[in-house]
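Note that chain A is present in both complexes that follow, paired respectively with chain B and with chain C.
So, the complex of A and B:
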């Protein structure tokens, strides 16, 4: 029995994982979500800003992580626009412009915002951390034109921006190492702006030292972080819906791990008994 | 030739390494101007590195197709996909290659409907393999593995709403695990990595570390 359990066909595992994800989504199961301290901290940083303050949003993620990153991008932009904050979006990841454009179009349409006045999209520039150094020295030099070819100096929103110090908040939405290896050493540490971040769930534990040191003012980790943010802004979205599926998937994996260990120890015990 | 292959790269590494340090730490106007120039140069070099990466990628796949190695058809698909995307990027919805990227058009359509879907699917498949791998390999064979397993189970349940529904213990324990042992370990790793990076940088700047020059040991 235990031998059979250990040699279970992996297709059975795949089927159960599929059902654990699809079932709650199809059934529309909703679970209560309680925001964690690091997500509340990120929310509070936005709440501290006044209407008209400028937020720099850096999109540093690609298509593969979009299911995790899009809900948090949407929730944080919605919060910013709801508070009448101005948003300047940039991309430090080659795949990011298409994804950023998608979420910006969606959010700006929802709030009926004017391009160049309420928000601006500067597009992608190669160079990773050197773009951040460049923005710190001279924003217009780093981004002389926006994504659509308009001069940065001609847009109302970006005309007066000279350095990273001119932003009231910087938000990095990242699926790589841009938070700890680009933005913190070359941006936040050097120019002292308030910095919050959103990242994939797997990256989040790596960033706790920066939360503790105060270099990171708040953090959203993965779909759970996005769902908590949706709870804080009182607008349930795809992250909140996805949390029931993620809950069931985690539960199924935990059950499998426990079952695997029970079977493993039972077989080991039987083998040692037979040997003795 | 020794000058070009050895001495000159060492001089460049020393000069730009020192200028980088000065630009970062010295607040004087001249040092800041220098840093600004260097940041621009770095971005230009970075952009050229994409060309190198592109050549490397296409060459690798071309060689795989030419030699008909196992799975060469995937290489063919990679090159064809690149070519199709490139055509739409250059066409740029009728605007041509020398204007900013169009807001819509074939490239945007391909990106939204193929690139995003394929990449997201690839990443999503991980969930199935993680579940299968966890079942087969995540065993409490040693005390250290048992600690890791218990911590993983607690965090997996504590990070999702169902954990809180099962017991308040899971989110509280997860919070503690992330903010105490995890933070301490990560901080230690970060300090170690940073000190290692500083030591390696100094070795490169002062010409002690020369492996980046290639050609093996002198």
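So, the complex of A and C:
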């Protein structure tokens, strides 16, 4: 029995994980979500701003992490626009522009916002951290034109922006190492702006020390972080819907880990008894 | 042979499902509908690897690599290389003169490509020397400030009789334990051995947390694709 359990076909595990995800989604099960302190801190940073304040949103993720990053992008942009904040969006990942444009169009249509006045989209710029240094010295030099070729100096929103210091809040939505290796050393530390971040769950554990040091003003980690943010803005979205599936899949994985360990130790014990 | 039948059966089932979806109006017979069908097909083809490596998976994988490479090239070429470099020389705008200073970084960038030549590869050293020097000058002070000095401050806060104080104590013990574990100039026996064992425990807990978060991330991606299949494609949600 225990030997069979250890040699279980991995495809059975895949099928059960799939069913544990699909089942709650089809059934529409909803579980309560309690926001954590780091997500509340990110929310509070937006709440502290006044109407008309300018937020720089950096999109640094691609299609492969969209299921995690899109819900938090949507939730945070919705919060910003609901509070009448102005948003300047940039992309530091080559894959990001299409995804950023999609979520910007969706959110700005929802709030009926005017391009160039309420928000601007500067597009992608290669160069990783050097773009951040460039923006710190001269924003117009880093992004001389927006995504559609309009001069940065011709847009009402970006005309007066000279440096990263001119932004009231900077938000990085990242699936790579841009938060800790680009924005914190070359941006936040150097120019002293308030900085919050949203990242994939894989990255989140590495970023907690920056919360303690105050280099990060708030953090959303993965789909769970996005679901918590949706709870805070009182607008359930795809992240909240996905959390029941997430919990069920975790339960299945924990059960398999426990079963695997029990079977392993039982087999080892039987083998040592047979040897003695 | 059995796998070939399964392969053909899945293909036929996929075609039948899509014909049904389009016929009953669940999916629109336009470019959006076609896009959803292609995306669903690619998703299923990539997940088919979980059963076994197969031609459908390989096809989807190669298409993804090709599309991603072309997309990145397009994003880098049009707005930046063409828009901010070549256009600066060929179409500088009314009343503006071409910015010839941009030739310097352009030449350095091109020198890097000489790595592909056995004869001229040595030229790339100039570009790399410039880049390494520049990056080191940028990085070293910024990393010392951000990752060492800024992290020392919250680690060395005064300890108090509170939950926050306990948290600080745990962080302090963890930092010291891990630092001792990675200090290889002293043999890890006696007191140093005990402290380094504490460090190992902290590292293990840290790896466990990272692994847990990684599972969460991967399941999130699965949720995203399953939601797409059930909602956008099959309209079952």
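Keep in mind that, in the parts below, the second predicted complex is superposed on the first by the 276 of 276 C-alpha atoms of A that agree within 3 Å, B and C clash if a C-alpha of one lies under 4 Å from a C-alpha of the other, contacts with A are read in each partner's own complex, and residues count from 1 in each chain.
Following the convention adopted for this analysis, a residue touches a chain if its C-beta (ideal position, glycine included) is under 8 Å from a C-beta of that chain, and two chains touch if they have at least 3 such contacts.
Treat the numbers as computed from the prediction; the structure is a model and nothing was measured.
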(request) For A:2, decide between first (touching chain B), second (touching chain C), both and neither. (result) neither
(request) Answer with first, second, both or neither: which of chain B and chain C does A:256 touch in the superposed model? (result) first
(message) After the superposition on A, what does A:41 contact: first (chain B), second (chain C), both or neither?
(response) neither
(message) Touch test for A:33: chain B only (first), chain C only (second), both, or neither?
(response) first
(message) For A:233, using the defined touch cut-off, is the partner it touches chain B, chain C, both, or neither? Pick first, second, both or neither.
(response) neither
(message) On the A-aligned overlay, A:137 touches which partner chain: chain B = first, chain C = second, or both, or neither?
(response) first
(request) Using the superposition on chain A described above, determine whether A:22 touches chain B (first), chain C (second), both, or neither. (result) second
(message) Quick check on the superposed pair: does A:126 touch chain B, chain C, both, or neither? Answer first, second, both or neither.
(response) both
(request) Between chain B and chain C, pick out the one touching the greater number of residues of chain A. (result) B
(request) Return the residues of chain A at which the contacts from chain B and from chain C coincide. (result) 14, 17-18, 21, 64-67, 95, 97-98, 123, 125-126, 130, 133, 145, 147, 149, 190, 201, 205-206, 209, 212, 224, 246, 249-250, 253
(message) Can you tell me which positions in chain C touch chain A when the two form their complex?
(response) 50-51, 68, 71-72, 75-76, 79-80, 83-84, 138-139, 142-143, 145-147, 150-151, 153-154, 171, 206, 209-210, 213-217, 219-227, 230, 236-237
(message) List the residues on chain A that touch chain C in their complex, please.
(response) 11, 14, 17-18, 21-22, 25-26, 28, 64-68, 94-95, 97-98, 123-126, 129-130, 133, 144-145, 147, 149, 184-186, 189-190, 200-202, 204-206, 209, 212-215, 221-224, 238, 241-242, 245-246, 249-250, 253
(request) Enumerate the contact residues on chain B facing chain A in the complex. (result) 24, 32, 35-36, 38-40, 42-43, 46-47, 50, 99-101, 103, 108, 111-112, 115-116, 118-120, 122-124, 127-128, 130-132, 134-136, 138-140, 149, 152-153, 156-157, 159-165, 171, 175, 178-179, 182-183, 186-187, 190
(request) Spell out the part of chain A that touches chain B in their complex, as residue ranges. (result) 8, 10, 13-14, 16-18, 21, 31-34, 36-37, 62-67, 95, 97-99, 101-102, 123, 125-128, 130-131, 133-134, 137-138, 141-142, 145-149, 180, 190, 201, 205-206, 208-209, 212, 224, 227, 243-244, 246-254, 256-261, 264-265
